[in-house]
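So, here come the structures, one by one.
Same chain, two partners: subunit A is paired with subunit B first, then with subunit C.
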Partner chain A sequence: MIDVYRALFVGQIQAASQYRVQSILWMLFAVIRPVIFLAAWVAVAGAQGGRVGSYDVRDFAAYYVALSLVANLATSWNSYEFEFEIRMGRLSPKLLRPLHPIHYAVVENIVWKMTTIIPMLVVLGFIAATFDARFRSTPAHLALFVPSVVLGAALAFLAGWVVATTAFWTTRVHAVATLWDRAAFIFAGQIAPLALLPGPLQTIALVLPFGYMLGVPAEILQGAVDVPTAILLIAVQAVWVGIFYALLQVVWRVGVRQYTGVGA
Partner chain B sequence: MRYLRLLALFFRTELAYELEYRTNLALELLQMVVIVTTSVAAVLVLFNYTTVLNGWDLGAMLVLLGCFYLVQGFGELVLQPSFEKFMEHVRLGTLDFALLKPASAQFLVTLRHFQVVQLAQMGLGAVVVIAGLPRVSTLGPAEAATFVIALVCGFTLIYALLLALSTFAFWFVRIDNLMAIYWSFLDAGRFPVDIYPGWLRVTLSSAVPIGVAVTVPAQAISGRLDLIGLGLLVVGTIAAFFLASWFWRLGLRSYTGASA
Partner chain C sequence: MTDAVVEVRDLRKTFRVTERQEGLAATLRSFVRRQRRDINAVAGITFGIEAGEVVGFLGPNGAGKTTTLKMLSGLLYPTGGEARVLGFVPWRRENAYLQQMTLLMGNRTQLVWDIPAADSFRVLQEIYRVPEDSFRKTVGELTELLELQELVHKPVRNLSLGERMKVEFAAGLIQSPRVAFLDEPTIGLDISMQVRIRRFVAEYNRRTGATILLTSHYMDDVVALCKRVIVIHHGQLLYDGPLADLAERMAPFKVIVATLHDGAAADLSVYGTVVARDEGRITLKVDRQIAPERAARLVNDLGDRLTDISVEDPPIEEVIDRVFSGERVGTAP
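Let's turn to the complex of A and B:
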């Protein structure tokens, strides 16, 4: 398995090095929306004498910089590609190989994240300076951020695959993916830090998986939650990863029988 | 007149095409409703903590968000599909067919394709504008007139920008990335352009006039746009349109066709 992964890595790195501009662009997409909402919250805080709840202007800046970083590290685009592969029958050759198609996607995601991390940090440094971000994180927060963002990425990846496999039945996964994205828009911490969502929305956000993909790692990196709370949140993340792993096993096994390829 | 007839013809054929896929149409409508609703929810979350955002109250913000979907809907209704096809024509050399037809090539290329379903996005945008209006002002004929003028200017500005950007296809052929940057910048229009920090605000109101295209119509309908502002917008829009058209014709001279 290690050899297989090494081969996949080499292939993917070579492929990625051909599309450098492309990867910079996708990185820009990860940044633009957080910056938009950061500017909006800064304006709200400005109207309220500089604070909203426990956040002041510089905390918002730190939160959204952290969120952009997490969005870049923990987002995967598989559901859109997967629809294409099923519709065009490109999944067929992959199914014939003695390796689960998910491994290609795993490597593709990791390579993409490695190649964009350095330009991403430069851009984020620039944004942090523009908005004068202040992080409250301690070394403990930074240490906890690592498992948290890994779990967040794993969760987003597995959930993305579960959404993508609905294409086995519907062929068009676009509508499902949009609903999923918009739920994430509200509940993952994009429009507001989870702590600032109004009452019922916040409760829903803590029950649903979306916040554990983006908002939770971002809050830990920013230092908005204390260490015991952070550990608890990471435990919940682990539970969600387990749930979606199990779900994917079931959905995939049933779904792949549904798959007919093109012309069948 | 002839051009309006042609436009209606293009529109009808594309409508017929889209009606072939009814389930897909219904799903797209559902997606639009969800997207607009969640965007309104986001604004409501912000206004849960404040009554005013840089001088924009909730009513004015809703009007602005509605304008955002009107402008974005217009872009996706006709500009995005047409310009995508145009770039493909340049790449494949099939632009020849458009150039040979007895009508303005720029018209034939840039207003040829429609995603009719995007009319619904514009409709939803209008609904959001109307929802915000009662909180803003009593709508008089003056506001209505400036709003329509400003909105048409906004559409034209977006058109001119896309036309200028897509002209680069004549030299570089593959410019999907450039266009993708543009579409992602458009998202910034959902908030008034004056909330952004200096460099971003300047970019959004000059080089990429998305901020102007959305913010100014919203100001117009809430009676906050004076005649000087309107005059500047009209003059700027006309200048942008002719400049972009000139640039496009300049680029067209570099077009070599399929096998040249």
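Let's turn to the complex of A and C:
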């Protein structure tokens, strides 16, 4: 399997190198939204004497810098890709090879993240300096951030595939994927840090999986939660990964029987 | 079932499709209540293919050819019936099966567009776990047979359709499959490229002994490659037997072509039905049983006026057209 991955990586890096400019533009596009929210919260905090709940301006800056980094590392676009592959018949050759199609997507995701991480860090460094971001994280937080962001990425990826698999039934998965993304927008910590959501929304966010994809790793990196809480949140992340892994096995097995090979 | 490489028994596939009339009202109604209809793409077909055979799978558009190939390759689950290929149930898609099989579709690409084919070959080598020495040997042979030297190092998107098709063939055969399903392998290609692909398929079959089931709308492909044909129409099997016998069973007539010095004026309608007249060259359709006797009479009656005469089966396209027009012929003995 290592040899397969090595070969897939080489191929994907060659393909990605053809679209360097596009990758950078996508990366910048991904940063714009958090920066807009950061600017909005800075304005709100300014109007309220410098604070909103437990967050001051420098905390907001640290949170949105951390969130942007996590979003870059943990977001996947597979549901949209998958719909395209099904509609255009591109999935068929992949289904007929002795390798599960998910592995191509894993490699695509990792390569995209690798090619954008350096310029991303430069941009985020600039934003952190501009807004004087304050990270409260200790070395323990940084150590916990690694498994947390990996689990967040795994969760977002697996959940994305579960959503994508609905394309076996509907062929068009765009609407479902968009609905999913909108829910993530509210509950993953993009509008506001989870700690600042109004009471009922916060409870819902803690029960739903979205926050464990982005908000939780961002809060751990920022140092917004203490170490025992961080460990607990990581355990919940692991449970969600397990649930979506099992769910994917089931929907894939049922869904692939529905595959009609349209356009192929 | 026998020990054939491909065994198919009563294979069926029904697609459920949504239908609606044109117009806004019908569109709005379809939001609330959808009209669904079942289409029997494959309606119970049975056949077997022995190792090393090259079989032509014929039928008009929508006959169920591609659906059958997709089921046999493992892409689609059937609605009913059984199939085994190399002893495997295809739609279980076991790795051991996928490693020995290929499905090549003439109008579809499986290569990565942005990188040269040589790099895609390497990825496929790892996916199919082809040992390095076999990989080099296979790629060497394919490069030679398909004349790929110049092509494999260019990004796939820079190749012409014909060039890409050749490279696709190579990519589909990296694992040296024992069974190959070819769906319209020469579609859209110019004549010389069609001839090359045909030669390649024949040579590949000769060298490797691979079993090949191919569909094509170009009868030249079938005539050049397949001793045996299976004809399906509306998802049902119409004929399974030697290509040579198809004409005999399906077309109850022969074609006599007589060339005369003064053909333009000659009236040969007493010998058979005149179907074409090209200056001195007259084509007659004659009942199969009496064709030799009519030809002999022509030679006898016309004497020196005749410069050439031939008795042939009708063109295979014409035979196939008769089959598709709905006449059931059954299986050859």
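We take it that the second predicted complex is superposed on the first by the 262 of 264 C-alpha atoms of A that agree within 3 Å, B and C clash if a C-alpha of one lies under 4 Å from a C-alpha of the other, contacts with A are read in each partner's own complex, and residues count from 1 in each chain.
Assume a contact is a pair of C-beta atoms (placed from the backbone, for glycine too) under 8 Å apart; a residue touches a chain by one contact, two chains touch by 3 or more.
Nothing here was measured: the structure is a model prediction, and the numbers come from that model.
Visitor: Examine A:8 and indicate which partner it touches, taking first as subunit B and second as subunit C; both and neither are also allowed.
Guide: Only subunit C is touched by A:8; subunit B is not.
Visitor: Kindly classify A:257 by the partners it touches after superposition: subunit B alone (first), subunit C alone (second), both, or neither?
Guide: second
Visitor: Considering only the touch criterion stated at the top, classify A:196 as touching first (subunit B), second (subunit C), both, or neither.
Guide: first
Visitor: Quick one: name whichever of subunit B and subunit C touches more residues of subunit A.
Guide: B
Visitor: Counting only touches as set out at the top, which of subunit B and subunit C does A:39 meet: first, second, both, neither?
Guide: first
Visitor: Given the touch rule stated above, what does A:95 touch, subunit B (first), subunit C (second), both, or neither?
Guide: second
Visitor: For A:178, using the defined touch cut-off, is the partner it touches subunit B, subunit C, both, or neither? Pick first, second, both or neither.
Guide: first
Visitor: Using the superposition on A, tell me which residues of subunit A are in contact with subunit B and, in the other complex, with subunit C.
Guide: Dual-contact residues (subunit A): none.
Visitor: Over in the complex, which subunit A residues touch subunit C? Could you list them?
Guide: So the residues of subunit A touching subunit C come out as 3-4, 6-8, 10-11, 14-15, 18-19, 89, 92-99, 257, 259-261, 264.
Visitor: Could you pull out which subunit C residues touch subunit A in their complex?
Guide: Interface residues on subunit C, with respect to subunit A: 15, 70, 73-77, 93, 95, 98-99, 101-103, 105, 108, 110, 112, 114-115, 119-120, 122-128, 155.
Visitor: Which part of subunit A faces subunit B closely enough to touch in the complex?
Guide: Subunit A residues touching subunit B: 21-22, 25, 28-29, 32-33, 35-37, 39-44, 46-48, 52-53, 130-131, 172, 174-175, 178-179, 182, 185-186, 191-192, 196-198, 201.
Visitor: Within their complex, state which residues of subunit B touch subunit A.
Guide: Those residues of subunit B that touch subunit A are 24, 27-28, 30-31, 34-35, 38, 41-42, 45-46, 48-54, 177, 180-181, 184-185, 187-188, 190-191, 195-197, 199-200.
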